[in-house]
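Structures follow.
Both complexes below contain chain A, partnered by chain B and then by chain C.
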Partner chain A sequence: MSSRFERFALYLTVPAGLLVILLYALPILQVLALSLTEGSGALANYERLFTSRAVAKVVQTTLVVSVSTTFITMVIAYVIAFGMIHMSSGQRKLALLMVSIPFWVSVLVRAFAWITILRSQGLLNSGLMSLGAITEPIQLVYNRIGVTVGMVHYMVPFAVLLLYANLTDIDRRVVQAARSLGARPVTVFFRVWLPMSLPGIAVASLFILVFSLGFLITPALLGGGRTLMIAEYISVQISNTGRWDLATSLSTALLVVVGILLAIALRSPAMRAAFGGGAK
Partner chain B sequence: MSNRFSKDAAEILLQKFQAGHVDRRGFLTALAAVGLGVALRPGTASAADNEVVLCNWGGAAVDAFQQAFGGPFTAKTGMKLVIDGAGPAIGSVRTMVDSGNVIWDVMDNGLIDAQVLSGGNYVEPIDYSIVDKNKVPGFSQEFGVGNYAFANVLFHNKKTTGVETLTDWKDFFDFEKIPGKRTMCKWIQGQLEFVLLADGVAPADLYPLDVDRAFAKLQPHLDNIIFWEGGAQSQQLFRDGEVVMGNIWHTRAKLLVQENPDYAITWNQNTLLISAWSVPRGNPAGKKVFEFINSALDPEPQITLLRLMGNGPTNPAAEALMTDEDRVFNPTSPANTKGQVLVQPAWYAEHEADVQNKFLDLIAT
Partner chain C sequence: MSARIRNRLLMAIVWLLLLFLFLPVLVVIPVSITDKSYLSLPVDGVSLEHYASLADPARGWIPSFRNSIIAAIATSIIATAVAAAFAVGAWIRAGWWPSSVRLLMLSPLIVPPIIYAVGVVRVLSKMSMLDTFWGVLVVHVVLSLPMAFLAIAASLSNLDNRMVTAARSLGARPLTIFGRVILPNIAPGLAAGAFLAFISSWDEITVTLFITARRFVTLPRRIYTSITDSIDPALAAIAAVLLIATMTVLIAQSLLVGRNKERPAR
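Entry: the complex of A and B
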């Protein structure tokens, strides 16, 4: 039933679509084109991505940091989201508000706040030292730990919202059925909640992972120069060393990898269920 | 890196203004003049006859440059200086010249940038029949002429190190005598020099830089070094007590010393970098830009800039016109040039991209 209203609604999206093409798709195509023509040509540019030891190290760091960020984020976010669906509606509103507060704080401010907390004479270290728990400050920032903390903090609200939406969709009658058949709460969690929330977990993990791959400011500030991830490496090649061949081929490769990840994920039934679930 | 320095100097000025250390009326007058200037910014076709467009790194440097260079230039020639704070990054210059849409006449870049840009034929040679190269002896090159200087200095906290004065860069690596974290810049211009000096290389033998030797000297100490990437960060690391010693820009060192007498600058063996005026190929004002450059190399404007932003004059005639107060933190005043090493643009123009990448690879865990 394609009504006039629906056609009108479709037209409303045209300006946004044009903007996306103009400001997003075209520049990406330009990056792709540059990666083929800059430097010593397409083949050499892409070949170097696989032969350069420095690139391999940057990719490895990015993967390790992104995967651990995703894992830690998911654990924390699941706990929060699971708690939220069991709250009264008033409590839940408050919880949602608290989850959203970090969205209002810029990523720069958050990075500096974490430095204040984690640095060697910061809140955490001096607190632990005055309690006698440690005698020497622990190095919590200007390394990979600091970067991961900052990234997890950034990603948790996203993951909570995604998981929360998925968990509220789970049919509570299944849970009641399990309880009425004598399942203990732990069994209910592992045999009912967890399996039924797998699509949500998959979507949220993928989202967090893809997002983490592109972090720029957080690693640059909390890493103390020693945690070099792909985005920063690309930015250095563009603005600092003028190696546009390396920068554009690496960004294109990153885009392709993310695209492949998404394509594979979308083929899995769990993902399709998650994305199809919204359409009803 | 001189780009990074220039931006940072502007940040410092803005903070000073906000804290009330810079005359408000002067600041606002300049702001109004520049606001008008930006609104009238010429397109390529309609560049006004009587103006020169300068591109610098924006922020408070727009007003400071207008005050330092615009006023005297207009008084002398009747031409107007228009400042665009967009930032003449190498990539932007390249894009602008390639597109044939050049709107800048003169750029605040480093001598190294000017040399790199000349490699791609993106800049005009400086016309030394108009620009008097004797104003800045040693700092005049084919494609760029030195407009101000800044230094990387050895800096420490007297309390946390327990040491009143440091001697030279050897102290940076002497973790036995002086334990505690250090900081240095993650952008290599002027950084490998100090590492090599600490390793015993004579100043005269520094160039070509022995990169492998510098890396070998740094490698064992990487866990004790935090790498800063902007001036504000270097200052914060000292304020937080995160580091006890480091290699930082003289402008940030000055701020730290002024706020806390526990800090000290060791000028010995500082490495001096030269920023430069350069002209993008096909600039709209043509040869008139060189009259501006010539006027901007006079001592008076350079002293104004020193007072506003801390950037050191490249014209030696400025020295006699300075007050003692000006000289204290000026990297080109004789009291501060002992053991000073002038960073060689030619070496960086050729090797920087490659060595910078190797350096990032070295320090990454």
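Entry: the complex of A and C
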């Protein structure tokens, strides 16, 4: 029998439980259910994901942009995080501020800033033209370049904060041991730092990839309707064309892909350790 | 190449990359004080007219600002209360129910918000809550719970279980233990949770984009419409206001934390 105190504890969990079941789980189940019943039925809805050329193009754009964003983000973020653990505490504070400010500033402010810089009458193009480096504006936004730049800029602060936490946890005595045994700096980096930070790199890449695959705002604003990624395509299906069959089956497919990525990640012991460590 | 030159070179690259993060967001400040009616640097002259246009009632910035503040405060209060009750309940009593609720509650951190948006649009439209304060409120509460919960749970994990045991053995009633023993001891976590919930609601755009249109417009919704419809320097003015507010909070926090940390070290 549970005591009065434990029953009280159970009551405390009820409001949160009801809220997330009714207003989070049910809406998502609704998406799954609609993907089976809307339009001309489940089979037709999911068959279309594999046969439609428009969908194929959107999926291809999403994959190319997401994978390149993840890769570029990880390289930049690793260099920054690695530099940060070697800074003096004053420099590190400044560096953390330079990472945190873009991290906390609204995604809309960041997208708008990039439009200001990259558009054809923007700061970069007019700067280059007045220097005489180019004679005509280069198309830097409303295409994949703009979307990737904006997404990388959005993701790097996340990745830096994750990698920095991971790198500070690495036992520096191992590095000292390697040095005292005569390893050259390049060897120390590739044989000590990099292998020991692999779990952190894996976790950060996974997060960035998952965020990128379902990202709506930055791709929509910097893609300008010309570079369509899945999230924006889904939003167009709902808002403009009312194609709920396509919107819900694509959403379900996206959910399944994210689920598979997380399941693979949690199978690897390194990833489990990293998640277990991060979740406590 | 000597070790020192190589290290200098590496650090130079690190600072260049940090500038890539930091400088682009700063451009909104000079652009916001241009005297032109289009986006440009203030080369010929400086003007504050774009800030003045933010106050123009016809432009709709003021009501959207007010809506966002109201929604964020209400969200913060409800999300903190619900998350605190749940965190304490789950802390006292483990089991399948608290862990399933925790999993569901944290999912918005990783499940793409677009999927939730598709589902919640249907649910809210059935309840005729699209484009209303209440619709925005329930969605923002759901999306703010993860951050509020994480902050409160982190604070609870530092709480000594024996205090609760002592209160129980002295015959305190459950409500007394909750209100007089647990809550006062997790006050910093509650404050952090409330702040994070406020920010989550204040910044929320992806789902809000689908559940609002004209009647209840939040500030991010208003900015989004403005970026897609007509880019003008008033946008730079509002972006600069948001940027300067964020920078002020972060710089103040960095200075305060630095001072607290340095003291015991000396």
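To be clear about the criterion, the second predicted complex is superposed on the first by the 250 of 280 C-alpha atoms of A that agree within 3 Å, B and C clash if a C-alpha of one lies under 4 Å from a C-alpha of the other, contacts with A are read in each partner's own complex, and residues count from 1 in each chain.
As a working rule, a contact is a pair of C-beta atoms (placed from the backbone, for glycine too) under 8 Å apart; a residue touches a chain by one contact, two chains touch by 3 or more.
Values in this document were obtained by computation on a predicted structure and should not be read as measured data.
> Is the arrangement of chain B and chain C around the shared chain A a clash or a fit after superposition?
Clash: chain B and chain C overlap once superposed on chain A.
> Touch test for A:120: chain B only (first), chain C only (second), both, or neither?
So A:120 only meets chain B here.
> Examine A:213 and indicate which partner it touches, taking first as chain B and second as chain C; both and neither are also allowed.
second
> Touch check for A:226: first (chain B), second (chain C), both, or neither?
In the superposition, A:226 touches chain B alone.
> Of the two partners chain B and chain C, which one touches more residues belonging to chain A?
C
> For A:68, select first, second, both or neither according to whether it touches chain B, chain C, the two together, or no partner.
In the superposition, A:68 contacts neither chain B nor chain C.
> Between chain B (first) and chain C (second), which does A:238 come into contact with in this model arrangement: first, second, both, or neither?
both
> What is the contact status of A:104 with respect to chain B (first) and chain C (second): first, second, both, or neither?
second
> Considering only the contact definition stated at the top, list the common interface residues of chain A for chain B and chain C.
115, 121-122, 221, 238-239, 244.
> Of all residues in chain A, which touch chain B in the complex?
53-54, 57-58, 61, 115, 119-122, 142-144, 220-221, 224-228, 233, 236-244
> Under the stated contact criterion, what part of chain C meets chain A in this complex?
Residue list for chain C touching chain A: 3, 6-7, 10-11, 13-15, 17-22, 24-28, 31, 38-39, 41, 82-83, 85-86, 88-90, 92-93, 97-98, 101, 104-105, 107-108, 110-123, 138-139, 141-142, 145, 149, 157, 168, 174-175, 177-178, 199, 203, 205-206, 209-210, 220, 223-224, 227-228, 231, 235-236, 239, 242-243, 246-247, 249-251, 254, 258.
> Can you tell me which positions in chain B touch chain A when the two form their complex?
Residues 89-91, 116, 186-187, 222, 226-229, 233, 236, 240-242, 352-354, 356-358, 360-361, 363-365 of chain B touch chain A in their complex.
> Name, in rising order, each residue of chain A that touches chain C in their complex.
It comes out as residues 2, 4-6, 8-13, 15-17, 19-21, 23-31, 34, 76, 79-80, 82-84, 86-87, 93, 95-102, 104-117, 121-123, 153, 156-157, 185, 207, 210-211, 213-217, 221, 230-231, 234-235, 238-239, 244, 247-248, 251, 254-255, 258, 262, 280.
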